[in-house]
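First chain A sits with chain B, and in the next complex the same chain sits with chain C.
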Partner chain A sequence: MLPEFNLKRPLTLNEALSEYAAGSYKIIAGGTDMIVEMRKEKSIDFDILDISGIPKLKSIKKEGGKIIIGALSTFSDVFKNEIVQKEVPLLKEAVRNAGSLQIRNRGTIGGNICNASPAADSVPPLVALDAEVNLVSTKGQRTVKLDEFITRPYATNIKEGEILKSITFSPPVCTGYHFYKLGRREALAISRMNVAVMLNIKGGVIEDAVISPGSVMPFVGRVTEAEELLEGNKPSKELFEKAGLKVSGIMIKESGIRWSTEYKKPVIKEMVSRALNFAAGTEK
Partner chain B sequence: MEKLKINFKLNGKQIRVECEPAKTLLDLIRDDLGLKGVKRGCEIGECGACTVIMNGEIVNSCMVLAPQVEGSDITTIEGLTSDESLHPIQTAFMEKGAVQCGFCIPGMILSAKVLLDNKPSPSGSEIRTAIAGNLCRCTGYKQIVDAIKYAAQLMKNE
Partner chain C sequence: MTEQRTLEPEKLTKGLATVSKPVKRLDAEDKVKGKPLFADDYDRPGILYAKQLYSKFPHAKIINIDITEAQDSPGVKGVITRDDIPGKHTYGNVIEDQRALADVKVRFLGDVVCVVAAKTKRQADAAVEKVKVEYEELPAVFDPREALKEGAPLLYEERKTNAQIPQKVRHGNVEKGFKESDLIIKKKFTTPFLEHSYIEPESAIAFIDQQGTIRIKGSFQNPFTAREVIAGFLSMGLDKIRVQKTVLGGTFGGKDELMSAIGCRLALLSLKTGCPVKTTYSRENSFLESHKRNPFYMDYKVGVTKDGILKAVESDIVVDSGVYCSMSPYIALRGIVQGAGPYRVENVCSDAVSVYTNNPYTGAMRGFGSPQTNVAIESIMDIIAQKLDIDPVKLRLKNALKKGDVAPTGQKINHEVGLTEALQKTAKKIGWKKKRKKYSKKQTGDYRKGVGIACCMRGISLGAEGVDAAAASVSVQSDGRVIVTTGITDHGQGSQTVMAQIAADILGISIDRITYLEPDTSLIPDSGPTVASRSTFMGGNATKDAALKVKKRMIKIVAELLESPEEYVLVSGGRFYDRKSPDLEISFDEAVKVCNNKAVPLFEYGWYSMPAIDWDEEKGVGEPYFTYVYSVNAAEVTVDTATGKVKVDNFVSAHDMGRAINPMQCYGQMFGGAAMGIGLALYEEVEVVEGVMKDRNFDTYTLPTACDVPDFQGIIVERPDPEGPFGAKSLGEPATEVVAPAVLNAVAQAIGRRIYDLPASLERVLLGKKLSKYKKKKKG
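For the complex of A and B:
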């Protein structure tokens, strides 16, 4: 058994928001992170607001040229969705190997973002896509850029009473993309490091480059210094190696020397360089 | 703590229970409802021994709160057939020697069932992906993959 708590299960967003504002709750959706965390405790000093029964938060749609993913969409929902498959294959690839099928069937994109684990598989591609999160409370709504929403590992700037409703982004303009995940094994692995990249190559020249690593920096966000190194140049293995080296250097600058640095330093360089090669088609 | 009334379908039968919110679906099925085919393993979503089918998809029942199954359709290994007969996947597992200690088998078979329901002729790699969330520490998986391939044939001949 888990530690004791009371549970409320609202069926509409409005009901959830007023209940959330009135009590001392933590929100549960898919539960794949929350239940593991609660199991570690002997007792907890909060109740549980289960939002998994709110159908409105579970849709994936395109409106006004933007893709809107409801916070309760599971990894499986995203993976199987036609809009995602057609317009954002990068995101599809990133969620493909998150956890196991059992976990992908329950774990939600909203939960993945709000838990803010540095190893979250959906975050680097969504940051690469310049995604925004839409938050609601009884007091109103606000929209925040995802890379500003997650402030540091396991922390967001979500305010009291706010619920993450959806994630919005424009379909990317790119000629190639890649999500590189490095785990300790093939199945059921939590990302040790990952990186999402997108390239837009026109007339043999890289017009736009996006490099968004996960579990590498103490914050989520793109590595613009490495992206600038690529833009305006012709794609080549040597260039991509330079970009990898840049990311590796910035990682050390931002995170400092840690016990894992000796390993991470050459590996992130190689991961970035390979991902860029895949995205450019210079490696298959 | 305040008990909650939960209505859901378990192995084809509509049921109504009252339970504490801090129970997981695993606790509810095994301890309250006495279906011991659902195994309690790691309880952190890594081993898949507690796998059940929820609305046509496999889930780890250790990571679902009992109240979250309100209105759902749950199938456990006990519900695979309506009588005492074996499901073709069970037959295939026995004939191919895919069962050793047996602890992972209920979950493994349910994962195989959802796979075969959606994909009647899966490739080896599709089978391995489908059971990636179910750990087996005895067989080394080869016999299990063979059994699922064989089950696909049996189900087609039915």
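For the complex of A and C:
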């Protein structure tokens, strides 16, 4: 049973910040991770600050050439948003099959980031987009790159009193993209592994390449060594296979040999290579 | 959804208004609107909530249970332990080893040591934590093959062995059979623990009525079994315990022994406190405490001539029973009785033994042992087909049982057998010839396709598993409306609609005149458990019996009135008439009035008991079941050979079920059964490591979703059984028991490699082995 807890539900960001600074709180947005986890506890020694009632954090907009996604935007909000659909279809594809419909209707992008699960479906595309997170507290604001914000599985460098307000990134310049999610089933699946890729191909040559895997490395981030391997070259199946092999090699270098490595090693290679082929239109 | 039906012109159903028709389920509309009350919806004033305390060890002696602090905890009204049991401490259908409250030992982590009842759920939760239990940990055993060895820790010392009751099948002489064989295949197979995955977890409420009768409403699959267990536990008469099942959110064999235990605990707490007591399980506790599908460890040896004629089947099977016997010996028996396939095999030697371990206990789950052995025999059939270069469908047709043949148990098949027809129709429907040929050619690229087929025979109802009889009552009201009850429970399979259809057609009235009442153990005779796909056959025959008795009585009166001979009087379309002069008629309602005026009783109990079977358990020969259903499934799959992901693209399910009383419900059974079988083949496993259950909810226990199953196709084959109601046999379990081998055979064709251990997960398909994040402790 869910343990008893005290709940505060502020309706403005300022109210939330001062309450958060004053008390001993954990924040929930959609609650789709934390409420589930709390069921495992007999009692909890913190109060709950439910920030889902702050309308200001729910918007998705474009300002000064940048796209700003309010932390409280749900997966469904992001999926349905016109700016996202038009300018960052990669993100749209990534949130399409996150969790279940119910989870997509409640779960937020901000929550997905702060929970920092390695299987979070929104994180690899946002990392691919070089997104920054905007944090705010009673003491001020700061902006951190997402791949620096999430430090390791289930951990971020969020500071005491800070609330994630929004995520900002520039619309990508790319000719192709793909989000590849591998789950044990077609719906309601936790990503076994996933990968977001973007390619910008000009005059038959890859100018820019982005490869951002999830549930593969012990950290979130782009695999620059594999990206560099692509840049300046002509897209080809062979090249993409090499990039896949590179990612696979780096996974083992970074994560070491784990129980799942025997499976993940050949499969991530193939996933990366497939995703790149999709993005380049050299579909295999 | 597509359907194909083969209906021979059939006297039995000619002119019937509802039987053989896709009548809408009686409960369909209410269920769609969310109206039914499930067990957890019931409440009573002054209610208490029960919470159970689980064992801390997979195997330990209980030295002491101290409940003093729990008793004084806020809101607590009652606490029960082993010391409070007024009657029998143990129960069990085969071996009486199960306990609602742990006694001197705990044997797995789902054993319940103590239960508290408090005014709120939260108070009950808090109080149960305050119970202090002193244990002395004992060595445990988690592998049934280890448990059989000399010196293994014993679950029940007094039994001197962990083996339960060994089962066997003996027919002909396998040594001779193997000598006559040109090819002998030896293979090992394993299947894991599986969860029933009913959407509604266990729930019940107990209270004492004005007469001092203990009333228990809840999610009972088998209310009569539960009543007997509860009466024994409380040392009370069966008349003083009244169990009523509420609308069930699925069971699949699962809401059986655990529901009996829950009934015992709630009833005792209700007696102790004088208050109504209720509990509803969390999903995690439902996983922990409920029984699972038995893991099977199977060694098979099959001999065949070069022409593909089966000569001998030998199997040696170890069944993990976990801590309680439950139905495991009979599950083992059904596994081997059906484990040589629906074939003419002259020589069979099969042994199966269920074994105690400190794992969660296992028991009945849709299929009851045969889904496991079907995987083995039907995989081997395909291995043979490949080695002999015979088409798998042709190989099966060569060996398929026909009327007059002798089954692998030595039983002479005297009934019509629709297996050949089902095989041919299934092959045609899935496009076998073309696809099998196409996919046999070298495939390139990551995505490979395959098509697979499998078939089985299923003994209907309990057969050698127990006494088999059921009751029904039919009561015609003065306005011509009818109330029907049977002792069969509807778990969602739609049995009430089937019973109503049978009663309606016998009485010649429309089905909307019939109200079906779900059983209450005090209002209808004990009809046994609703298991073994026996609803339509047993409950249907009992209903038929009751309705015929009432009808006969009415015909007598009508015949007098019409001045017609009784044998000329028929009833249909709501009127009685003389078949020789159809103008002579009287409406059903008028006839009811006349009968009432003459004080003719228009109610009757019906009773049906299964025809005699003849099974010699000692020798392993005879007729274990009275008749059989014949089933064929085929699957077409695409395997992503780079990730190991299998997608079932097409699936055909065909069954000779005797008669489809309600074709729509039959398709429902087939498609639901196919989804469940795909779960067994590809997705599902409750991982248990050193007695610790690692999957306790649906986040990690992966059921197939609607997106993971194809547009199923069903084929109804009808070879009416003279004994069945309107010729019907059964379908619930046949629908799921031969799904997995069809899928696995398709996967084998696609990847050119076979999966012997289930499920065929991503890792197994890609690497040929399972990977687990859970490490087993080192021995010593």
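Note that the second predicted complex is superposed on the first by the 282 of 284 C-alpha atoms of A that agree within 3 Å, B and C clash if a C-alpha of one lies under 4 Å from a C-alpha of the other, contacts with A are read in each partner's own complex, and residues count from 1 in each chain.
Note that in this section contacts are C-beta pairs under 8 Å (C-beta built on N, C-alpha and C of every residue); 3 or more make two chains touch, one makes a residue touch a chain.
Please read all numbers here as calculations on a predicted model, not as lab measurements.
Of the two partner chains placed by superposition, only chain C is touched by A:Ile190; chain B is not. Look at A:Gly281: by the touch rule set out above, it reaches neither chain B nor chain C. By the touch criterion defined above, A:Trp259 reaches chain C but does not reach chain B. Contacts of A:Gly31 after superposition: chain B is touched, whereas chain C is not reached. Contacts of A:Ile48 after superposition: chain B is touched, whereas chain C is not reached. Of the two partner chains placed by the overlay, only chain B lies in contact with A:Ile103; chain C stays clear of it. In the superposition on chain A, A:Glu4 contacts both chain B and chain C.
By the touch criterion defined above, A:Ser76 reaches chain B but does not reach chain C.
With both structures placed on the common chain, the touch criterion links A:Gly23 to neither chain B nor chain C. Where the contact sets of chain A with chain B and with chain C meet, they give residues 1, 4, 39, 186-188. Within the complex formed with chain A, the chain B residues making contact are 1-2, 4, 20-24, 27, 43-46, 48, 51, 54, 57-60, 62-65, 67-68, 70-71, 111, 129-130, 132-134. Here chain C touches chain A in the complex through residues 121-122, 125, 129, 282, 445-446, 642-645, 647, 683, 699, 702, 704-708, 761-763, 766-767, 771-773, 775, going by the rule given at the top.
Listing the residues of chain A that touch chain C in their complex gives 1, 4, 39, 42, 182, 184-188, 190, 192, 259-260, 262-263, 266-267, 270-271, 274, 284.
Partner chain B is touched in their complex by these residues of chain A: 1-7, 9, 28, 30-32, 35-36, 39, 48, 50, 52-53, 76, 99-103, 105-106, 186-188.
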